Structures are given as structure tokens and as C-alpha cells.
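Every chain is named by a letter (A, B, C, D and E) in the order it is written, and numbering of its residues begins at 1.
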Amino acid sequence: MTQLTPAVRNVLSWYDGERPGVKASLARLLMHGRMGGSGKLVILPVDQGFEHGPARSFAGNPAAYDPRYHFALAIKAGLSALAAPLGLLAAGADHYAGEIPLILKANNANSLGTVKDEAVTASIRDALELGCSAIGYTIYPGSDRQYDMFEEVRAGAAEARANGLAVVVWAYPRGGQLDGKAETALDVVAYGAHIAALLGAHIIKVKVPTSLIAEPEAKASYSDGAGYGHLSSRIEHVMQAAFNGRRLVIFSGGPARDDAAMLAEVRGVHRGGGHGSIIGRNAFQRPHEEALKLLDRVIAIHLGEDA
Amino acid sequence: MTQLTPAVRNVLSWYDGERPGVKASLARLLMHGRMGGSGKLVILPVDQGFEHGPARSFAGNPAAYDPRYHFALAIKAGLSALAAPLGLLAAGADHYAGEIPLILKANNANSLGTVKDEAVTASIRDALELGCSAIGYTIYPGSDRQYDMFEEVRAGAAEARANGLAVVVWAYPRGGQLDGKAETALDVVAYGAHIAALLGAHIIKVKVPTSLIAEPEAKASYSDGAGYGHLSSRIEHVMQAAFNGRRLVIFSGGPARDDAAMLAEVRGVHRGGGHGSIIGRNAFQRPHEEALKLLDRVIAIHLGEDA
Amino acid sequence: MTQLTPAVRNVLSWYDGERPGVKASLARLLMHGRMGGSGKLVILPVDQGFEHGPARSFAGNPAAYDPRYHFALAIKAGLSALAAPLGLLAAGADHYAGEIPLILKANNANSLGTVKDEAVTASIRDALELGCSAIGYTIYPGSDRQYDMFEEVRAGAAEARANGLAVVVWAYPRGGQLDGKAETALDVVAYGAHIAALLGAHIIKVKVPTSLIAEPEAKASYSDGAGYGHLSSRIEHVMQAAFNGRRLVIFSGGPARDDAAMLAEVRGVHRGGGHGSIIGRNAFQRPHEEALKLLDRVIAIHLGEDA
Amino acid sequence: MTQLTPAVRNVLSWYDGERPGVKASLARLLMHGRMGGSGKLVILPVDQGFEHGPARSFAGNPAAYDPRYHFALAIKAGLSALAAPLGLLAAGADHYAGEIPLILKANNANSLGTVKDEAVTASIRDALELGCSAIGYTIYPGSDRQYDMFEEVRAGAAEARANGLAVVVWAYPRGGQLDGKAETALDVVAYGAHIAALLGAHIIKVKVPTSLIAEPEAKASYSDGAGYGHLSSRIEHVMQAAFNGRRLVIFSGGPARDDAAMLAEVRGVHRGGGHGSIIGRNAFQRPHEEALKLLDRVIAIHLGEDA
Amino acid sequence: MTQLTPAVRNVLSWYDGERPGVKASLARLLMHGRMGGSGKLVILPVDQGFEHGPARSFAGNPAAYDPRYHFALAIKAGLSALAAPLGLLAAGADHYAGEIPLILKANNANSLGTVKDEAVTASIRDALELGCSAIGYTIYPGSDRQYDMFEEVRAGAAEARANGLAVVVWAYPRGGQLDGKAETALDVVAYGAHIAALLGAHIIKVKVPTSLIAEPEAKASYSDGAGYGHLSSRIEHVMQAAFNGRRLVIFSGGPARDDAAMLAEVRGVHRGGGHGSIIGRNAFQRPHEEALKLLDRVIAIHLGEDA
């Protein structure tokens, strides 16, 4: 944590009126690792074990069954932060204390149940005890439980802010009127980002949107010739939805797949003004060295060093 | 906060027995802006991003994606207050501290789900921290969740009043026995306003009613030849339902449309004794200068300066 | 509050073991107005605006749209108390402080929805702030939500009693196995009164029963030749169901109709040993002077001054 | 609780902004007994057993050892209220429920200790359970513990007001710079009354002041030739100190002594605009019939029926 | 609440990081009355009745015994705010709701005792219920109880800020090593102001300092030839002590005395960069018209309109 750069100062200015402790937490995230000072973030999330089960998450690279693997990877790669559920963070927070900003993913779901909801699995106190810089919650706008989830986020966010923690919201629309394709439709992703901002999120995590417009009532609003066929235009629109770019928005890579496709997507996020990437399975499901190489390229893209 | 006018003193007299702090908050709303001192209110609500999504709300005037746009618009137009969800208010409350009374819209719904309910997205403490003068809740009389919503409003209103905040209730009947047309039927709108008053609302927001009478049992009560074909007569009836005019009732403009039609409606509200208008999409979905012009005309009508 | 009469002392003796504050509240109700000291009660309830909508409730006598009308009517007529929801009481409790005992009707339903339930719309703290002598709840024995309602009443009643407030229960069987006629069947009304007593009600409000016996299993129990064809015999039976007459039971007049029929019913209640009447629509839906005349006759009947 | 008189309405108007329930409690005190409706109060306080011990308090009239004696005396004499500690009220509140307004004296001291302080011996919940209309606290302005006492009163008064109870403060300066004579000096008594009013007391109880001015710095303020040699002038000054007569102030008779002297003092209180008397030992330390006669004369003086 | 002036925006910029609600409250104080927009404050404090007794405070102008007098005076004179204890504010907050910003003086002492301490006589909840913009506490740096007082201020200030209220601290060094003259010594007054700022005060109230340097150890620090013989230089030094002028500091007029001397002092405060005056006894102890004239001159000086 050396002197803040103009880019980081600019990001912090978007949060005027927020408590100094929250700004200090945001600054810690923004000044760490290779992205430090750029105003962008590249984060390693490891909640897939909870979401999809351990084998689906880690069998491809068995070293990743060990929680400490993820701390080491994030540190080695020079990432901005590691985000994970309570147990995983608790398994490495002591050994790696002070080496990498932590985001406690405080609600979680699994693939065994049928209800589109999440359990609150950690508290603000847990986050403070582990030395986290932020707390994270997932919301499912559209689901039958969405309003309960919003209320959980609201309560958690208020307590987090009162304790100087930043709040990250994973906005994943699903359920209700939305089918599988609609979940990543441009209008729906933008809507999810906007709701997260209205709920008070400091950092918003969304999926990379497709060019589909899912809500019939919304179609007219997208007939402006802005060229939503280009990913960068779609990213630009999501940034608009996030208070005209005045909230940090990072984009997930989705399921593991072809590197070229994935990096092309990262380039689109960068060109569209997205604030970074959150790369999980694409990182930890491959051998360590390959993961470092891939993350190096993602970081280079977001730093504008990619020619 | 200059000396109260007789018109404002008269409004405050309706709330005898209420805490002095609540009266001071009402006075703050009633003494601000161009409507200041008239006993009437013109309010800018910006919860459409939550309710209908960002593009449907702001694509027509992209500057409105930025929360600060709405603060600036409300201030420039000389409105009585800005009403919005937590995240939007938090994004401008510091920069515009002390420049415009704020109403924290504390529950919200979106158009992605299928359940007729709202999430409580903000607390009284949030409202106090942001320097708000009032807190606002939507109720859906008729919906399957209506009684839960009433209980949320009751709890929030009690805490608000104990902390010197005024309570605004958006009364939007829907669900249950009501189809789309019934939602704006005269008897149903009046019923919604009455329920809001009985729940303890200080300010009630309803939609402009049509001349339809939706409840069969209510038809006889409207066969008094009062001429409900005239909008002003319908407004008069809604005011009756609001404790015979002893509660502040403001009317929404509904979806953006033809200015002449909208202004004619505002004139009807004024002639019928309504206490003002709440103009959202009709204001922020058009260019800034045009919005100022339209709001200027709405204000003029409510001030009786419209010839 | 002058010296208690033997009739009132007798009523209070039924509640031995109850907290002194609750007895003092009951005494306040029983010593007030023209019924004061008789051990009987005539109460004005004004929750019809919530239950049936404002126009159906007040269009026949528009002055009644103003909450203060009902305070003034109850005071002028010398009634025992005014019972109404939070917003209505709050609109007059200050101006009329100390002039008429108040009963806060703390749960309410409306006719727009389809769920047979009520919302809890007020708290014990609300009742104390407004200076009420009692709190009132409706239960719908038989409805799908009945047990939730019983539990709300239980919680409210316990807190009310701990704070010296009396508890009034409106026992309105409906839903479940009951069709419209069954709701006022003798066995069902008596059953509702008994449940209210068992839930700890100090004052029970029921509808005047018909001679129908609705539950097949109950028919044998009513073949005792007690002459349930006479209203007074039916009232006597309801009083039996209310701890053999050791709970205050008052009877509602139902929808507005022919005065002669209504007064005949009141006479039946009186002859059967009922403790009084609760007269809403029959009172406030007619012009003020006529309402006073009718209430005068009801009072006279319950005082035994009716020849 | 019959219709409020103009005198009582006038008293209530001094408490604008106070909760309706508190006004209703004040109205109950002001409308009860022979003083009812006059805007004045005559109260029986029985805390001397705690303050001075039972024999010093009751040996002169052994019937007064029984708590119920005091309830019966206050009722029979037509007094405004009975004020006593928890145990004494609890010993009669059930039997006399609803017959006399009660004031729970919630802090107490005894003559065995040496510290000028009082114990908080009852709660607001106790007062509500017993059906009290008010709660009372003693303060000793000047004592080393005065600030602790003020804080206790503040906490109790806030909770009382939130629950619709009136607050009575016994203002007895003592300790600190004050010797015995100073405790009843005009400037000191007025100072005590003023502090009680600033702490939020609705009813203030002070001792009848002498013409001494105890604080050297205050002497100049009393050199206005107002004739403080006359008791009525001194009472007038105390009323000034109580928000220019806009707080109810009642005066104690002090230790038992010659009736003529005592009644002369009551006349002075009446002439000076005092709002009544609080008569303890002079009432219950003499035989029942004599007590009734004396109280009858005190009441007559305050009603202006004394020729 | 009209548009903030550059002067007020500048003041608010000193409090960056503070909650928006606190800034809104500061803005309310800074935008009200004749000083509105100037960045300066002239406040009427009325706690002398508690501190010195009613006669010493109000006998010179008996109309001032009535709490409403002070509301009316502050409003008529166009002052920034009225500061007073709970009971006084409660006696006018309803009638004057919304007409003048209020500061609840939440701890108080009197002149009867010998202990240099204050009682906490009001809560944050009280301030919110009364519609106050700020809460105020006195500290006695140097006294034996100073640390208890600091802790009370800290707790109150934290709760006030969390609820959007500004915090005013009256810094009055006394006791300990300080004799009467030392209480207003330049080094001691500056020290008190600095402690208040360090405790988190938004507005600091001190006495006008003399040129005495009381602490021997401090003497060397004042040998800089800054000319502390001039009041304006001394004021400049106090402003330095208040975070180099980045905290609002207002100066009290002290006991009533010669107008010319008092106004000369106000001029010195103005020239030295003080943020305004708090004028109590000099205002309310003289006839109404004379008070208005004096306050008009004080205001003119602080507005720089005094030639």
C-alpha cells in the first residue's frame, strides 16, 4: 500500500459519502498485486466446490483440493484478491495473513437442491476475524426467493459498511420469467448489475452478456443502433447500468473452455470499460504453471499491455 | 427553512399528536423549492431502474444512468424532493448534502420475477445516515402478500416516526381479485389511499384513477350523481378517502406519453384538490432542458399560476 | 372514573388474577359514558373503511370520511368506547385526548384480496402512545390461516396484559368447512366465542347467531328443547360458551338495515344476557342526528330503560 | 372521564407536542374526584414509611399501617390521585382497580443511610401493570449524587412518555452548598422547579418556599420589590420558574402541624396560582374523619369555594 | 434549504468522510436565518436557567420565563439556531416545528452543587423526536470528572453521527490546576477547543480568551511575537487549535454587560476568523426590541456589513 495513483483516487471518488474505512478497504483491493494502482481488479473466486461439488471443481487439478493452493496461486499470480466461502478462507487466512486481500463469500448454494436460493454461511464478524477486505453475496434477481435474498444482502451490507468492509455482489438473474438463455441476455445482465448498485454494492460481479434481449418490454430500449453485436458495446451498456460507470464491475469467465475464446472475451471486457475479471475454473482447473500463464495474459489485457 | 406559511401550518395541523420531529420533516418537504410554502408537493421518483430495469428507464436520456443526474434535475427544477432506493441516494447524498429533501424508497420490486411482493431494501438507520426527511414504502393491496407488506410498513413507519422521519406510502392495488384495469379503478384507488392512511402514512401516492368502478359491491356507493366522469370529481373522491383531505395525497403521472394529455391530468389533479404530483419517467426520460420545461409547467399548475 | 358500581365490581370479579392495570382499563371502559356503571358496553367500531373500502363505508354520510367525526359521534352519543385502526385513532387521539376510551383494532383485512387472513397493523406500543384502554384482534376460526391468527393474538394479548391493556377479540368463524350461512350458525358463533375466551380475551365480539346448527356432530348437543328459535335463548347459549357468562360478550349489528329489525335484535341480546352492542355502519352511515337517536335507543335497551 | 372542561383543555394545551397517551393520562388525573375539571390537583402521597420509617409515619393513626387505608382515604376524600412506592400500590391496586388514579413513586430514600441519593425501586412496566397514570421521581438538586439522579429521571421519563404515562418530579434541593434553611429558600425552590421542568416533568412537586434567598449571586435578581414577604408572591415566582405557569406545580404541606397554619399556606398557594396541594402526613396521621374534614377544606380552597 | 453557497460548501468540505446526514444537518444550520449561506453562525443558547437558576437568568426580562419566548426571539432575529435543554425545547418544538434549527443541549449542570460535572439529561432519540439538527455537550477539561465527561461525549457523538445529527461541544476548561482566571487564558481556551475537535466535535463553542498564558510549560510556545495582546490574534490562535480553522468555532459573549464592550469583542472574533457568536444572556435578559437590535448588530458584524 504505497501512494494511491490517480486512477485509484478516481475510483474512490465514486464512493463519496461512504465511510473512510470502506474506502480504505477498497483501496487495499485496488492497490494490491500486479493490477495495483490501475483502477482495475483481477480476482480469483473459489466457491465452485460449494456450488458444483468438489470433484467437478478440482478433479482436473487435484492440488486444488487443498485450500492453501488457491492462496498460493492468487499470491503468485499477483491477483487483486481471493474470494471464497468461510471454511476455505479459514484454512489459509492464518498462514497467508497479510499477503493477499480476502473477500469472504458469505452466502452459498449447491447443486443438490432445487430451490433457487442461497444460505447465508458467514457473518461480518467472520470476515473481520479473518482479516478480509470485503464481504460478498450472490443475488438471483427473478427467482421466487429474490426478495429474501435482497433483504439478506441489505442487512449484511449495512453491517459490513459500519465495520469498514467493502461489499461485493454477484448478480446472477435466474428463475421467475427467465429461462437459461435469458440469464445472460444483455438486458437481464444490465438489470442485475443495476439492482446490485441500488442495493448498495461497491463491487458488482456479472456474467459476460450475450446479444440477446430477453424482456419483450425492453426491446425498444435497445433499438438505438448502438451495435450490441460487439461485446465491447454490450460491456459499455452494462457499465451504464452500473451508475454510468461509477461502480466497479467485474466480469466472470464462465465455464472453462478454449483459452483463445476466453481471452477474446477479456479483451472485449477491457475495451468496453469493464473494471476487470474474476477467473475461477479457468485458472485452478489447469496445472499451476499454465494457470499462471493464463492469468498473466488476463492481467496484461486489463493493464493495456496486450498488443 | 424560512417562516412557515399559513398553507403549510394548515397542513401540519392535520397531523396533531404526531411527534415534533416528524412535523419538522414534513415542514422541510413543504417549504422547499418552488412549491415551498404552497402546501403542495412535486416530487421526482427514480425507482424505475429497479422496477423496470435500467435500459427501459434511462436509454431515452442516457445521462440519467448517472444517479447524480437526478439530484441535479430535482434541484434545478426546484422540486420538493427526490425519492429513490438506497444505492441511488447514497451515490449523491454526500455531494448534494443539504440541497434537496430526500425520501428513501425502502422497499422495491423488479420486473424479472413473478411474485407480487417487494423486498425491504433499506432501513430507518440508512435514511438517517443519508439525511433523509422521509422514508417510503410501496403496498400492493389485494395481492397475496399484501398483509406481509402491511406489516413491514407498520414496523418501518413506527421506527421512522420515533426518529422524526415522515412516512410516504405508494398505494398500488394489484393481484387478488384485481385485473389490470381494476388497478386504476376509482373505487380501488380510493381504497388503496384509505388503507395507506389507516396504516399511518403521512403522505400517500396513488395513480390517477379512471372512472371504472371495479368492485361490484361498491357500485351502489358511487351512484350519487357526483359526476365521476370528470377527473377532478374523481380526485375529490380520492381526497375524501384520505381522511377527508387531511392527509397529503400526490398523484403519479404513469408511463411517459403525450405532454398535453399529461398536463391535462395534472390540471385535473389540481382542480380536484390533490396535493401535487410525482413525476418520474415523464421527467428524466427526456432531454434535460425539456424536462425542466415540463416540470416548470407542472409546478405552475399546482401553484395555480396556470391560466 | 367515579366510584365503581356493584355491577362493575361484579364484572371485574370475573377477571380475578388478572393484572390490576388490565382491570383498571376494563373499569375505564365500563365506567364511561351513558352505559357507565351498568356493567354493559355500547361501542362504536370504525374499521369498515379498511374492511370494505371507504365509499362503501362512508358515502352514505360523507362527513364520516373525516376520522374526527367518529370521535365526536361516540362522545356525543355517550358511548363506552371507539374502536378503530391505527391511522384513524392517530388522527383524533390528540384532539380528543381523555374524552373517550379507545380500542386499537390491531389487525385488519380488506376486501380486495382472496386470502382469509389479517395483517397485524399496530403494536401494543402504538396503543400505549395513543392512550388506548384496550387492543383488539380479529380471528377467523376455521380459515386456513386461523392458527397463525391465534398465535398473533396470543402474542399481542400477552404483551397487552403485561402493559395493563384489556384485550378484545372479534371472533368471526369463516373459511375451512364453513359456508356463508354457517358463519352465523348458533353452534359456530358459540364456538368462536369460546375460542376467544380460551385465547384470553377479556371482551369478545361476535355476530348475532341464527338458529342454524352447522356442524353435524354438534346437532345432538342442541336437541335439549331449549328453544333456540328465540334469539334470547341463542344469546343465552353464547353467554354459556363464554365461560358461563364470566366474560364480557358484545354483539354486532351487522350490515345497515331496517331500524325496527335492528332494535328487536338488540332487545334479544339484552334479554339473553348479552353485555352490549357494537354498532358501526348502522350508526355512522346515517345523518348525525339520526345516528344519535338510534344510539340513544340502543343504550336505553341495554340500560333496561326501554319499555 | 366525562367531557373535558375548558380549564383542563387549557392545561393540556401546555403540553403540545407530547404523545396523546400522556395527555390522556394527564386528563385522567385532572378529571378525577372533587377537583375534577378544575385544572387543579390534590394528591395523597404515602412514601413517608420509606422515607422516615413506619412508626414515625403511622403510629399516630395505626389504621394507616394498612396500605388499603390510603386507597380508601383518597377515594373517600375525592382526591385526584394516590402516590406511593411499588409495594404499597401493589397491595391495593387490584382491590381498588379503576377507583383512583395512581402515581407510582419510582425512587425512594430512607433515613437510615447518610448518602443523599435515592434507589430506583420500580419500573415503567410496574406502573403499567398496576394501572398507574403517572410515574414519579425525586431529585435532590445540589447533592453530590444529583447528576446520577437526573440521569435516572431522564431514562425513566423517556420510557414513561413512550408508554403514555405522565411524569411527576419531586424537586427537593439539598446537599452541596445548601444547608437546611436553604432547602426551602425561595430562589432554591424556584431553581428546583425549573430544573424539574427542564428535565421534562409534566407535574412538579415542590415545598412551600420561605422568603429567604440563599444563593448570594441570586440576591440581585430578587430585589425587584415584588413583595416576596407574601406567600402568594413567592408562589407566583415559583410558577414563573415553571415555564411561566405552563407546567403543573403542586405544593407539599410539609410536616404535620397546626391546621390553621397549614390551611393558610394552602390559601397562599391558591392565591399565588399554584396548581394544588400534595398532603400526606397532615392527612393520614390523624383519625379518618378528621382527615376527611381537613382534605375537604383543602379541596374547597383550591376550588375557590373557601370564603 | 436553498442552493448552498460557496462559503457553505467550503465549510462542508472540512468534514469529508462524515456521513451525508451529518453534512445535511450542518447545512441546515448554515443555511438558516440571516447568517444563512455566509458560513458563519449566530446561535441563541438558553441553558442558563439550568446552570444559574431561573431568576438569575430571566428576572431581568420576565417574558423569558416562557420557553416559547426564546423560539420566537431566535426566529424573529433570524438566528441560525436555538440551543437548550430537553424540557425547554419540548415546550416549543411542536408549535415552532420547522421554523428554526434546534440544538439539544444534552448535558447540564447547576450552581447548587459542588461537583464539577454535568448530568446527561437527554438522548439522541430525544433529539430526533424533537426534530433537532444537532446535539450538544459541555466538557470541563481539567476537572476531576473530565474523563467521564469525555466518555459521555464520545458515546453520544457516535450515536448522533450514526443518526445524521451534528455534534456541538461547549469546551469550558475548569477545575484541576485551573483557577478562575486560567479558565479563559489563551492557552487554556485553545487547549479546550483542540480537545473538543479531537473528540469529534463538528462545532466548538469556547469563551473569548484573555491574553493570559496560564500553563507555565506553555509560555515558551506563545513567545512568537504574534501580538496576543490583540483579541483578533488570540482568536486566530484558537482557530489554529481547531484543526487550523477546519472546524466551526463560535464564541460566547459571557455575562451580560456593556454593549459597546460586547460588540467590540464580536468584532475581534470576526476579524480573527471566528465562525460566529453564541449570545444568550446578552440577548434574552433585555427587552425584546432591544434584544433584536443587539442581535442585528452582532449579525451585521459577522456578515461583514459592520463599517
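Note that a contact is a pair of C-beta atoms (placed from the backbone, for glycine too) under 8 Å apart; a residue touches a chain by one contact, two chains touch by 3 or more.
Everything numeric here is computed off the predicted structure, so don't read it as measured data.
Undergrad: Find the chain most remote from chain E, comparing centres computed as mean CA coordinates.
TA: Following the centroid criterion, the farthest chain would be C.
Undergrad: Is it true that over half of the residue numbers where chain D touches chain E are used by both copies, so same, or is it different?
TA: different
Undergrad: Taking each chain's centre as the mean of its CA atoms, how far is chain B from chain C in angstrom?
TA: 36
Undergrad: If you average the CA atoms of chain B and of chain E, how many Å lie between those two points?
TA: The mean C-alpha positions of chain B and chain E differ by 39 Å.
Undergrad: Between chain A and chain C, what is the gap in Å from one C-alpha centre to the other?
TA: Centre-to-centre distance between chain A and chain C: 58 Å.
Undergrad: Could you grab the centroid distance between chain A and chain D? Build each centroid from C-alpha atoms only and quote it in angstrom.
TA: Those two chain centres are 67 Å apart.
Undergrad: Among all residues of chain B, which ones touch two or more of the remaining chains?
TA: 17, 19-20, 90, 93-94, 97, 125, 130
Undergrad: Using the contact definition from the top, classify how the chains connect: line, ring, star, complete or other.
TA: Chain contacts: none of line, ring, star or complete; other.
Undergrad: Can you list every touching chain pair?
TA: Between chains, contact exists in these pairs: A-B, A-E, B-C, B-D, B-E, C-D, D-E.
Undergrad: Considering the complex alone, what residue numbers of chain B touch chain A?
TA: For this pair, the touching residues of chain B are 49-50, 52-56, 58-60, 62-63, 65-67, 85-88, 90-91, 93-95, 97, 108-115, 117-123, 125-126, 130.
Undergrad: Which of the residues in chain D come into contact with chain C in the complex?
TA: 1, 3-4, 8, 12, 19-28, 30-32, 75, 90, 93-94, 97-101, 125, 128-132, 162-164
Undergrad: Report the residues of chain B in contact with chain C in the complex, numbered from low to high.
TA: Answer in residue numbers: 14, 16-18, 141-144, 146-148, 150-151, 154, 158, 173, 175-178, 187-188, 190-191, 193-195, 197-201, 215, 217-218, 221-222, 224, 237, 240-241, 243-244, 246.
Undergrad: Which chain E residues qualify as touching chain A in the complex?
TA: For chain E paired with chain A, touching residues are 16-17, 19-20.
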